[in-house]
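The two complexes that follow have subunit A in common; it is paired with subunit B in the first and with subunit C in the second.
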Partner chain A sequence: MDKFGFTLVKGRRIDYDSNDRSIAEYVSAHEPSFRICIECGCCSAACTTGNFTQFSLREIQILLKRGENDGVRDKIKKCMLCGKCTLVCPRGVNTRNVILLIQEAFRKNIKNAV
Partner chain B sequence: MGRRVVVIGGGVAGMEAAGQLARRGCNVTVFEKETETGGHVKNWFHLFPDRKDSRDVLRYLGNKINHNNITLFTGIAVEGIRPSNGSFSVFTGDGNEITADAVVVATGFDLFRSEKKEEYGYGIYENVITSADLERMFRKDQIRMHDGSIPGKIGLVHCVGSRDEKAGNLYCSKLCCVTAVKQAMEIAEHLEDAKVFCFYMDMRMGGAMYEELYREAQENYGIGFIRGKVSEVAQNIDNKLIVKVEDTLTGRPLKMEIDLLVLMAGMEMSEGGKKIAQSAGLDTGENRFFKPADLHFASNESNIKGVFYAGTCTMPMNITEAISHARAAAADVMDYLDKQKN
Partner chain C sequence: MQFDPFVIPFNIGLYFILIYAVVRSVRWFSNLSRPDKLRLQRGFFGSAFGRSLKEIFMESLIHRKILKANFRLGYMHMSLAFGWFLLILFGTIEADIFGTRHLNPPYKAIFFKFFNPDHGRTGFEAVYSFLMDLILAFILSGLILAVIKRFSSKVVGMKKTTKLKLPDKIALTSLWLIFPSRLIAESLTSGVYGTGSFLTGSLGSVLASFLPANQLAYPFWWLYSLSLGTFFLLLPVTRYMHIPTELFLIFARNSGIRTGDQSGAFTEIQTYSCSSCGICIDACQLNFSTGITNIQSAYLMKGIRNNEDVNDIAFNCLMCGRCDRYCPVGIELTPIRMIRRRAESVEPPEKSLWSRYFPDLIKIVNTRSNGHPAFSWLPQIKTEATEVLYYAGCMTHLTPAIKKAMIRILDASGMNYRFLDEAGGVCCGRPLMLAGKDKEARELINFNSGLIRDSGARILVTSCPICYKVFRESYYLEVELMHHTQFIKMLIDEDMLRLRFLRKKVVYHAPCDLGRGSGIYDEPKDVLRHVARLQPTGFDDDDSLCCGGSLGNTRISYRQKNKIAADAASALTKGNPEILATACPLCKKTFTTVTDTRVADIAEIVAEAIAPNPPELKKHVVKELYREPADMI
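What follows is the complex of A and B.
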């Protein structure tokens, strides 16, 4: 028989204050150009991976900055490090290093490290 | 015809226009409704984008109007202008009347009254202040919450009373974005441990060195930028402000606790200007500012020949633009007076 009744639905709201932003802080500390992204989306538009999968560096970096880290650990592995995003970024963000640092931070299980 | 010119308003544009006209041999009378000249600049601490002390600008303008051809009346507002036989009668609040051959309207702007955006809680919550309030705190070197404690987390809300039909203003005030960035950086300098966030719809950094300032704020000051218009502010039991916004870049609603919230009040046509527009029959636009005869090539001219505009009485402008506009107004006035003479 199907279960019925009431359940609590987890809200979609980002609770900025209780979220853990240590991954973003780690990347920002080691690659300061991570801070100057203006969310134009040029990296994602140029991205080959993004053309075939859900991968978007623009989305990943904003999620990390808000501490919404769930799912990013797997998503970031999709990058093939071709470097096209670095070529097109109008702010000069070192996107390749950003990606490597995100991967490193997850590997090291960075939490409140910076 | 003589060269008697009345300048209405002793702010940036009025002072610059008066100075230019006096140096060209006009007899200039300046009326300033406040007890001091300098307009809004005197309430500001540092100016964007180079963080110049506002007093440097006031000193420059003060030197401009310190001229034998200029008579300055402070504490006197102009109530109306009436054309009479090729010249103008200018009526003042103290019941006097003065004759002029040309008039420069430089009545400036008023800051949007932020309490009108009730959902942001200005005048309701003690720790919601305006950009002007914050400048006063900078001058005193004391950024404090209402109870005197040092705020740890500060939010700046862009577009308060601008680009907002609910506030009756469809236009962009143009300067609030860069003001927010400048103020965010200054907060970070005054309070080393503070976290500062800007809540914005777009970053409209369309002036010389504005975008560079924005980049510097991100890179060297660690200012957080969250794209989304704040919908409402509440206060919790610990007296913290709760800001509700959609983070439109993640596509998710977001809430954040804030200690001190600064509202970037927009610019509106001044009340004094409205009064003059009505009594003199000067055209105003949809945005309620004075409407120049042409936006492209007659931005200083009004619908009445001999009455000219200078500065922010026509649209939001920064100081650089207001000074340039005032100089152009002076050139137009000289042109007009020369033609009248012949």
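What follows is the complex of A and C.
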């Protein structure tokens, strides 16, 4: 009976207290349209890179907004900036600039505690 | 010895600027790359010399290009430049003929009236005075236009004029003072002696009638000399540096020196050649569609000259090339912007005014990279041998109608072809280049080059002008590269494609990267004329508009892009065409959302026009017409 009850699986927990949302904030400060993303995934469906790899801009958006920057650092380099995501976005998010800004934020080491 | 202390400021300014121009020219020359140095030497002693002299006369003095584009603005520039030139030329001749002796120092010609106040009473002397007055009146008429333009630019037919910095303002004021002070000084002296022609003579006698002309003339000669001296001394740190630089630029360009993709002395020369005339501002769609007026090429050049952080300016541009087309100096603005995009955004150090006289060579620090390949994930793809290779490109995959139409056309032509990126390919690399990431782009270029080489194709057809431009400029391929409009044109010419005539009114929108970017204007229009009724739009060939969807601009919002697209579409569809034809999947995608007119790629229209049952061709005729692919080229 001691295994009965609810427990928190550590890997599935979003810890907003210790996560670092500075990169998401940096991006939304420079490209406000980053905020209006509804995470529909059209960008990932159209993606040229996503055709060959697990790259997904939707996933990156979600991770950054949660502040889980660790996984993004390597992933974001895979983008080829072809711009299809910008054209299919139903919300008009300037996705190419979002990606450039994320890359810039990592390069500049914007207060990235994680 | 005719001398007076008031000529000293003028002499200081004149000898300073002459020595300065020589020093700067020597520095620029020594900073050119070795091949460019050889080009310039060869050009200087070859036929390019004559062409340069002609261009200097037509463009730097007459301002032919500005006159053609906008007469009032051209007249303003011409009267100041050409008028001043004539004034110096005829002034020197005057001093030489009528002066006390020959071969005078320059100030004798400039202040001729002061030293020879009694000159110009009768005969040939009077005619000559009349000529000098006429030239002065010519300059003054242009100066009046310039003063009005500063306060209301609409008068000279310009919607926007450039904003100025403090040294620019002082230099501008001294430039404005030069000719009125000369007029008044000459008039007063003429008034005292009763000489002068229709302008200085009449004004002089009027002024002398109620003013102590004899005492007043001297301060105005001082003012004339001072304003000339100030102008010359400030010239190197203001936009008027374009006057000496443009001469160097014209010689360099006529000798065959081009910007290329590296920053260097030639880029710097071009940067200093910009006169901030503001014609690029009027030509820019970001200005007249979205009201963004601080990022145009004139400001980019100014920002680079003044050592400011121009990162925002460099990236806020559609890279459509309209400013290159309109620039009266012929500066390669878009390539310079491309070079600038590679630079890291850094806060530049504050520079003193003195250091701006001898600036360091403009250096562009490329963005740091860690040296690891960014695209190690690129897939291993095997290409099969073929004659014709079709590369649709990313954007074409987003507009499948174009892709299907091209497959239909290729099938109908009966050629042996392969579809390189049927299952989705790797990007051509130009979007990365536009974002200033050349190193990453090079990885994609190498990958795609490998694929194309392995296929052994002789013809590479692409549907996307963006890919076309990068294939042409940055790939080193041994294939004949064709945009699909060129390919269709070839099929039609070779009679490999039988088409019906569609009775439809069509207008053609020339995509930036295909038209101004790659110089392909005729083939798309020829194809359209073959299958439909092509109508002019008023924005044809190198005057075409940008659709606004350009990958070049990462800064403007979705709304602003749509505004540009809507403005362009409504300008193009003024004649109510049935189809707005384009040759670029990106243009098609952008226009479709903003206009009710049907937007179609040329490939779609051609596919529509393919005769359903090929006309009754006899077997042997077909064989004659159809050459084996191996015989192509």
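Convention: the second predicted complex is superposed on the first by the 100 of 114 C-alpha atoms of A that agree within 3 Å, B and C clash if a C-alpha of one lies under 4 Å from a C-alpha of the other, contacts with A are read in each partner's own complex, and residues count from 1 in each chain.
Simple rule for what comes next: a residue touches a chain if its C-beta (ideal position, glycine included) is under 8 Å from a C-beta of that chain, and two chains touch if they have at least 3 such contacts.
Quick caveat, the model's predicted, so the values are computed rather than measured.
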Considering only the touch criterion stated at the top, classify A:97 as touching first (subunit B), second (subunit C), both, or neither.
second
Please indicate which partner A:13 is in contact with in the superposed arrangement: first for subunit B, second for subunit C, both, or neither.
first
With the two complexes superposed on chain A, say which partner A:83 touches: subunit B (first), subunit C (second), both, or neither.
second
Between subunit B (first) and subunit C (second), which, if any, makes contact with A:46: first, second, both or neither?
second
Looking at the overlay, does A:63 come into contact with subunit B only (first), subunit C only (second), both, or neither?
first
Identify the partner contact of A:107: answer first if only subunit B is touched, second if only subunit C is, both if each is, neither if none is.
second
Between subunit B (first) and subunit C (second), which does A:4 come into contact with in this model arrangement: first, second, both, or neither?
neither
Both subunit B and subunit C contact which residues of subunit A?
33
Tell me, which parts of subunit B touch subunit A in their complex?
203, 215, 218-219, 222, 224, 227, 247, 249-250, 252-257
Which residues of subunit C touch subunit A in the complex?
367-368, 374-375, 377-379, 394-395, 397-398, 423-427, 429, 431-432, 434-435, 437, 444, 549, 551, 554-559, 586, 589-590
Along subunit A, where are the residues that touch subunit C in the complex?
33, 46, 48, 51-53, 77-78, 80-84, 87-89, 92-94, 96-97, 100, 107
Which residues of subunit A touch subunit B in their complex?
12-17, 32-33, 35-36, 38-39, 58-59, 62-63, 65-66, 68, 91
